[in-house]
Amino acid sequence: MTPATLDAAALRADFPILQQQVNGHPLVYLDSGATSQRPRQVLQAEYDFLTGANAAVHRGAHTLAAEATDHFEDARAVVAGFVGARPEQLVWISGATLGINLVAYAIGNATAGRGAPASARFALAPGDEIVTTEIEHHANLIPWQELAARTGAVLRHIPAHDDGTLDMDAAAEVISERTRIVAFTHVSNVLGIINPVEDLVALAQRVGALTVLDACQSAPHLRLDLPALGVDLAVFSGHKMLGPYGVGGLYGRSDVLETLPPFLTGGSMITTVTLDEAGYLPPPQRFEAGTQPIGPAVGLAAAVTYIQDAGIDAIHAHEARLAARMREGLVQIPGIRLLGDAPGAERVGLWSFDVDGVHAHDAGQFLDAQGIAVRVGHHCAAPLHRRFGITASVRASLALYNTEDDVDALLDAVSGIRPYFGVNA
Amino acid sequence: MTPATLDAAALRADFPILQQQVNGHPLVYLDSGATSQRPRQVLQAEYDFLTGANAAVHRGAHTLAAEATDHFEDARAVVAGFVGARPEQLVWISGATLGINLVAYAIGNATAGRGAPASARFALAPGDEIVTTEIEHHANLIPWQELAARTGAVLRHIPAHDDGTLDMDAAAEVISERTRIVAFTHVSNVLGIINPVEDLVALAQRVGALTVLDACQSAPHLRLDLPALGVDLAVFSGHKMLGPYGVGGLYGRSDVLETLPPFLTGGSMITTVTLDEAGYLPPPQRFEAGTQPIGPAVGLAAAVTYIQDAGIDAIHAHEARLAARMREGLVQIPGIRLLGDAPGAERVGLWSFDVDGVHAHDAGQFLDAQGIAVRVGHHCAAPLHRRFGITASVRASLALYNTEDDVDALLDAVSGIRPYFGVNA
Amino acid sequence: MNGLDSLYQELILDHSKHPRGSGLGPEEGRTASSHQHNPMCGDDITLRAHVDDSGEHLLDVTWEGSGCSISQASASMLAALVEEDGGETGLARADVDRLIEGFREALRSRGTIPLDEETYADAAALSGVSKFSARVKCAMLAWVALEDALARA
Amino acid sequence: MNGLDSLYQELILDHSKHPRGSGLGPEEGRTASSHQHNPMCGDDITLRAHVDDSGEHLLDVTWEGSGCSISQASASMLAALVEEDGGETGLARADVDRLIEGFREALRSRGTIPLDEETYADAAALSGVSKFSARVKCAMLAWVALEDALARA
C-alpha cells in the first residue's frame, strides 16, 4: 500500500542539502526541473554498494563480481518496473541526451547499411521526414537536425498554440505518409503541460512512423506505463528523479530494440570479435558498450524505490496542488506573464514566467539573494522562447520535497522584483 | 613533496571494501584492471558535494549553481593537470569506451560533411586507412571497424610478437601514406607492457595521421604527460583510477579539438539554436552535450588528488615491485604460461596467464574460493587471445592498495589449481 | 563438503575429462544443430539433435565445443541422459521440453530447488552450480543449444 | 550594502536604463564590428569599434544588443569610458588592451582585485560582479566584443 497523501515536511529530513542557509535565508530549492536533490537513502545505497560489493559486472566469476552483477540486474528490474517495462526492455544510458543520440545514431547506422538485415526497416531515404515539435528541449531537437543533415531526411515541426499546447490539427497535417520518426516530449521543461501522447502515437502509427518519447520531465512526477502509452522508445534521466548523475534509462519495445543496430561499440556488447568484425549481443546488452554506470544504476533503483514508497500518485497530487497555489499567486503580481497557462491543461509542478521590464537573469539574481533557487535563461529550449517573443524566462520547478512555505516564499519575493529594479509600470 | 615510497598497508585503511572476508578468507582483490576500488576520500568528496552544493552547472545564476559550476570546473583543472593538459583540453566523458566512440563518430560526421569548413581535414575517403593493433581492447577496435564500414576506409592492424611486444618493423610498413588514423593502447589490459608511444607517434606524424591513445591502463599507474607524448587524442576511465563510475577524460590537442565536429548533441554545447539548425560552442563544451556527470567529476578529482598525495612515481615503483615478485613466483609453478613476458619490457602491475589443462573459468573459481578475486576470460581482447591460441586467461592486476601478502596468497593458491583439478602433468 | 567441492563434484570432473556424446554425429536422418557461445568466458558449443522421422522423439544428442569443466560436463551429462532415458525409441519432445525447463528453473533458483537424481541422473550433480550465479550460463549452454536445435528439427 | 546592492549599484541600473553609445554608428572611416553571444542566458551584443586611419587609436565604440542589466550597463560604461578618456584623438590601442586586460583580471578575481575609479570611471562600479561568478560573463561581453573587433580593425 502506498500512501495517498504526502508529508513533504517529513520527507525533507531525508535531503541533507535542503537544510542549509543561502545568503542568510533558508534554501528554497525550486530548480528540480534542472536537477533534483538526492535523499540519504540514495547516497547510502551507492555507498553500501561501493564499500560492500563493488566490482565490474557480467565479466567475472569471482564472488564480488557475481554480487555486483546481481545488484546491477536487480536495479534494472526495479527501474524497468517503475515505467511498466520488462527488464530486457530497459537499456542503461548515461542520461536522456545520450539516449536520444543513441536512437538517432542507430537509425543513421541502419541508413548506412549497418546492423542485421532486419535493421533496414529503420533506414532513412532522402525526402523521408522526421517530425518533432516547436516546444522541445535541445536534446530532442538537435540530434534530429544532425540525423536529417547526415541522411538527407527533412525535419518538420509540430507548432504550438499561444497557450503552449501543441496544435493537434497541425500535427495531423505535419505527420504524413512521408513521416518516419515522430519525436516529442511528454512534458515540456518550460511549459509543464502534459502532452497528448496517445493522440500523437495514434497519428504516428497511422503512417507507420517510429515514436520516441522524451520522458525526462514526466518520469519523476507521473505514473508511467510506457508500453501502455504505446511509444516505441522513451528516455529519462536519473538525476532528475532523485537519482545519481551519469545514469538514465532508454525503454524500447522489444521488436524495436531487437532490430535496431548498435550505437556505441566496445566491450560487453559483443558475441564473437575478430580483428575485422564483431557480432553483437541481443538487447539490452547490445546497447551497453563498455563499463556501465554500476554504482549510479544501484542509486537510481534506490531513488525509484524512494519514489514508490512515497507514492507516485501522491507525489503528483502534492506537486499539482503546490503548482496551483503558485499560479494563483503569480497571476496576481503585476507584470508577470506565465508561459503555457493553458486553461484546463493537465500539468506537472513547474511554471516559467516573464517579468515585464526586468531581464530574467536579474530577476533570478534578486530571488537568489533571498535564498530562492530558480532557473533563468532559455532552459535549453531557445526556439520555444523565440516563439513567445522572448530570449529568457524564470522557471520555478517543484519536487516532492517542496512545501507551501517554499511557494509562499517565492511569491513574496517575486512581488518585490519590479519595485527593486525600479520598474513600476 | 610527494613521498618516494608507498605504505600500501596504511593506505588500505582508506578502502572500506578491502576489509571484508570472502568465502571465509580475507579478500585479496586482484581485479583492479577491470575496476579499481574507491578510497573513503572519493566517496566523501562526492557525498559532500551532493549534500552541500549540488546543482546543474553552467546554466543557472543561483548560488548553488554557481558553487556547483566552480566545483565542476575545478575538478576539470585537477584532472587535466594530472595528465599534463590545460583544462580546456579535457573533455568529460562517461568512460573510455564513449571517448573512443566520440572520436570515431566525430570523424564520421566530418566525413558526412558536418562541422566547420576546417573539419574537412578529418574526412575519410574510401581507401584511406585506419591503423590499430592486434593487442587492443575491443573498445579501441570495434569503433574503428564500424567507422571503416561506414566510410569505406580500410582497417589495418599492427601485429604483435609472440612475447606480446608490438612488431615495430611491421608498424613501419603498416603505417603508410594511406594511413589517416593510428589508434593504439598505451598499455594492454592483458599484457601489461608499456608500448613505445613516441615511436608510434613518430611513425604517424611522418605521414600526417591522427593519433588516438587508449590510456585506460596507464593513467592509474604511470606519470602521464600527454602533450609531451605527442598524441592528438587520448582517453581514460575514472573507475579504473580510484574514481567513480560514469566519468572519464578525453584529452585533445587544442587544434584537434577545435576543428573536430561535435558527436553528441543537445543542451549546453550550443550557441544559437533555431528549429532547423544549431551553432556549436568551442571545446571542451562542444563535446559535452546534456547534463554532465557532475558528482562523478568531483569524485574523480578527489581520486586524482589521492593518487597525487600517494605519489604516482611511488605507486608505479610499488606496483612494479609486486609484479616482479608475482612473476618470479608464477614462473616456478608447473603448467603456468605467462602472456607478454617480454624480457626487459617496461610494465605496469598485471599478469595474465594460462593454466595448462585447466580452463580459466575453473582456475578463477578455485582462486575465488580462497577469497582471491582475479579476472578470467578474454578481458575484452578476444583477437589477442586468439593470437596466443587460447580463448581465455586468468589475469591478476594490481593497484596501490595491494601488498606482498596479496601476491603471496595468489602464488600459494595458483600452485594448488592443477592438483585440485587432477592435472598433474 | 565445502563450497568449491559442491560445485566441482567428482562426477562433474569425470564427465569433463571423459565427455559422453562428444564429437558431432553424422547429418543423417532428421537432424538439426545449434551453435551457442558465451561471450563472457568464451565457452562454445555446437550441438546436434537427432530426431525420429516424425520429429516427435529425440533419438540422440552429439556435440563438440570448448569451455570450462562445468560447460563440458553439462553437455556430456545431457548427452548421457538422452541416451540412457531415450533407449531405442528416444525421448518424447514434451518430456525433453519439461527436462530443459526444470533444469533451467533449478539452475536459476540460487540453490533453493535441487535437481532430482531420478529424473536427471548424473546431471543432478549440477545442482550446486545454481549457487554460483556467474556459472549458471556455463551449465545451461548445452541445454539451450538443445532447445534451439529442437525448435528447428 | 548587502550583496545584491553591491551588484546592482545605482550607477549600474542607471546605465542599463539610459545606455551610452547604444545604437550602432555608421560604417564610415575605419571600423570593425564583433558579435558576441552568451548562450547560457541569451545576452547578445554587436559592437562597432571606430579607429583612426592609422589604426593606432580607438575613436569611439557603439553597440546594440539585449541582455541583463549587467551586460547592458557594462557596454554602456565601456562606451562612455572610451568617449571620455579618448577625447578628440582617441585612446591608444595599447592603452585599450591594458584596460581590457585589467578589467578581465579584476572580474575573474572573485572579489579580490577591485577596479579603480581613476582608470575605469563608471565601469569601476562593476567590481561587485566579480563575486558573482555566474555573472562575470555578462559583464565581460562588451569588452570581449571590443577586443575581437579591434583585432580585426
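Letters are used for the chains, namely A, B, C and D, taken in the order the chains are written, and counting of residues starts over at 1 for each.
Just so we're on the same page, a contact is a pair of C-beta atoms (placed from the backbone, for glycine too) under 8 Å apart; a residue touches a chain by one contact, two chains touch by 3 or more.
Being a predicted model, the structure only gives us computed values, none of them experimental.
Within the contact network of the assembly, the step distance from subunit B to subunit D comes to 1. Of all chains, the one whose Cα centroid sits at the greatest distance from that of subunit B is D. Simply put, of A-C and A-D, more C-beta pairs touch at A-D. Between the CA-based centres of subunit A and subunit C the separation comes to 45 Å, rounded to the whole angstrom.
In whole angstrom, the spacing between the mean C-alpha positions of subunit C and subunit D is 79. The centroid of the Cα atoms in subunit A and the matching centroid in subunit D are 39 Å apart. Work out the mean CA point of subunit A and of subunit B, and you get 30 Å between them.
Of all residues in subunit D, those touching 2 or more other chains are 40-41, 132, 135, listed in ascending order. Each of residues 23, 59-61, 65, 270, 272, 361, 365, 376-377, 382 in subunit B touches at least two other chains.
Of all residues in subunit B, those touching subunit D in their complex are 58-61, 65-66, 69-70, 270-272, 281. Residues 16-17, 20, 22-23, 27, 29, 31, 34-35, 37-38, 43, 47, 50-56, 59-65, 94-98, 100-101, 105, 109, 112, 114, 134, 137-139, 141-143, 145-146, 149-150, 155, 157, 237, 239, 244-247, 263-268, 270, 272-278, 289-296, 361, 364-365, 367-368, 372-377, 380, 382-383, 386 of subunit B touch subunit A in their complex. Here subunit C touches subunit A in the complex through residues 37, 39-41, 132-135, going by the rule given at the top. Residues 2-4, 7-8, 13, 17, 40-44, 66-70, 132, 135, 138 of subunit D are the ones that touch subunit A when the two sit in their complex. Those residues of subunit B that touch subunit C in the complex are listed here as 23, 359-362, 365-366, 369, 376-378, 382, 385, 391-392, 420-422.
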